[in-house]
Each structure stands twice: as structure tokens, then as C-alpha cells.
Amino acid sequence: MQTIALKKITIIAEALLEKNLVRDIKAAGATGYTITTARGEGSRGVRASDWEGGNIKLEVLVSEKVAHSILEQISGQYFEDYAVIAYLENVEVVRGEKYLRT
Amino acid sequence: MQTIALKKITIIAEALLEKNLVRDIKAAGATGYTITTARGEGSRGVRASDWEGGNIKLEVLVSEKVAHSILEQISGQYFEDYAVIAYLENVEVVRGEKYLRT
Amino acid sequence: MQTIALKKITIIAEALLEKNLVRDIKAAGATGYTITTARGEGSRGVRASDWEGGNIKLEVLVSEKVAHSILEQISGQYFEDYAVIAYLENVEVVRGEKYLRT
């Protein structure tokens, strides 16, 4: 089975940021994304249940270059004012070429 | 803490495929699986909310050999007709020997 | 984009263990966590839907040292009596220093 090495970005944030985050990751070159509903407690000691709507966990498969664009953007725009978590993992994607913007 | 290196397969698909996917991964040698409900937008530009039932995110811990059997099977059977995403990650599993089919 | 290499621990367990697991991971040094609701079938052949409340998937970003403390604790306390899954992954975390206990 042929796979392509890509980066998976996971962003955990307040649900109210969903629309903006989706806009930002697409602008940076993501071709798709997956969202699950989450809750939790962050390093700031604020429970997600204290916010209306809880948390979302947004996952995106992208090239390393797009991954870094997304993280620069998210970090600059949201980290100061919101309890956002963002991290990168290495993944091997089946038919991964469709996640590479041409 | 002793751990065993395994592969984690993640499959994101329409919820209506759940029963078939579970059957297929078990037939290929998976001993268990975890499902979370998801939504999103794929490289085909179709939102999951356009399908009845949304998406599922199915995760399976398996040996590398079983991982490749599962990906061959899923890829051959669903990738042509459905918006399926499948990828592999390396994980270190506590008491991971129980995920290895004897 | 500067990132810090950390470990992500994922613990999948019966929902009734949530309070205890959160207490344990904090005691071991975790500064936050994320929970999603899950279901599935384990190597013991028990479906999560057979338990009241289903499963939770708890994710924690920690240093390697804290990761091993958590896994020792979880393994010793729950693996005998409960259908718990625990595994480690390598992640690159944006502004990851806040997950390191000082």
C-alpha cells in the first residue's frame, strides 16, 4: 500500500472560533478538515464547559509547508486571546496526493 | 513502562459505512476499534453535514502487517465511490501485545 | 514556527472512570487534557454500548517523564479490572513550553 508522508495539524479551541479557523486553514492551503466535539481543561485552568458551546478539535492533513503556514497564522491570531492548542504529527496517508495543493 | 510499537489506522468516512468498515477491519485482523462522531469538509468539496448521519472517525491499533491489509482492503473497496480518508501513525501502546493477533 | 517535542497520551476508557483518570493525570503532572466521547469494541469483546455512558477518549500533552508517570499509574490501577487502552505518540506543539510543569 503506497502512502504519502504528510503532517496532521490538530487545533483545539473554543467552538465559537470554528468559522474563523476553517477560513484560515483554507486560506493557508488546506483542502479539507475534520471536526469533533471536545471538552477539557487547559493550562490556563479554564474548563471548556465554562464557555458556551464547549470546544472543537479540528484536524487537517497538509504538506509540511502548508502546516507551517497554518501554525504561523493560528499562533499569531489566536494564541494571545484564546485558549488554543495546536500541534503537529507525522502521518502516512493513503492516496495522500489529493491533500497537496497543486 | 514497557510499550509495544504498533500502527494506528484512522479512517474517516460517512457514517453509513460503519458496519461494513467494522466488518472489514475485523476480517483483516483487528481485535478492537474506537469510533468518534465527526464532521468536516473533504477534498471533494462535500460537507459531511450534507450526508445523513455525518461522518465517523474509526481508529484501530494493529501490527504493521494487519495495518497494510486493512488499508489495501479499504482503499480497493471504498475510495472510488466514497469520500474516505485513511492514514497511519506510529504509536507506543501499553500492554500492546493484546492487539497482536496470535 | 517554533515547536516543542512532547508526548501525547491517549487513554480510552469507560466514561465512569473520567473523574478518577483526570485526578490521576493531574497528580502525575499534566496541566490540561481534552476529552471526546467515543464508542467501540475492545480486545475483550465487550462493546462500549454495553456500559452505561459509553467510552471517553482522553488526550494529554506532557513531557516524556510525565508521560511515563501517567502510564505507570494508569496501568497499575486500571488495567486489571477495566477495559482501558493507553498509548503514546510524538507531537510537535506550538508554544509547548506551557505543558511543561516548572
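Note that the chains take the letters A, B and C in the order they are written out, and that residue 1 is the start of every chain.
Keep in mind that, in the parts below, a residue touches a chain if its C-beta (ideal position, glycine included) is under 8 Å from a C-beta of that chain, and two chains touch if they have at least 3 such contacts.
The shown structure was predicted, so the numbers you read here are calculated from the model rather than taken from an experiment.
Peer 1: Among line, ring, star, complete and other, which best matches the way these chains touch?
Peer 2: Here the contact pattern is complete, since every chain touches every other one.
Peer 1: Would you mind reporting the rotation angle for the C-alpha fit of chain A onto chain C, rounded to the nearest 5 degrees?
Peer 2: Superposing chain A on chain C takes a rotation of 120 degrees, nearest 5.
Peer 1: Could you please state the distance in Å, as a whole number, between where the Cα atoms of chain A are centred and where those of chain B are centred?
Peer 2: 20
Peer 1: Would you mind listing the residues of chain A that make contact with two or more other chains?
Peer 2: 36-37, 89-90
Peer 1: Mind listing the chain C positions that touch chain B in their complex?
Peer 2: Listed in rising order, the residues of chain C that touch chain B are 10, 12, 36-43, 55, 57, 68, 71-72, 74-75, 79, 85-90.
Peer 1: Given the complex with chain C, which residues does chain B contribute to the contact?
Peer 2: By the definition above, chain B touches chain C via 1, 3, 6, 8, 22, 31-37, 61, 89-96, 98-99.
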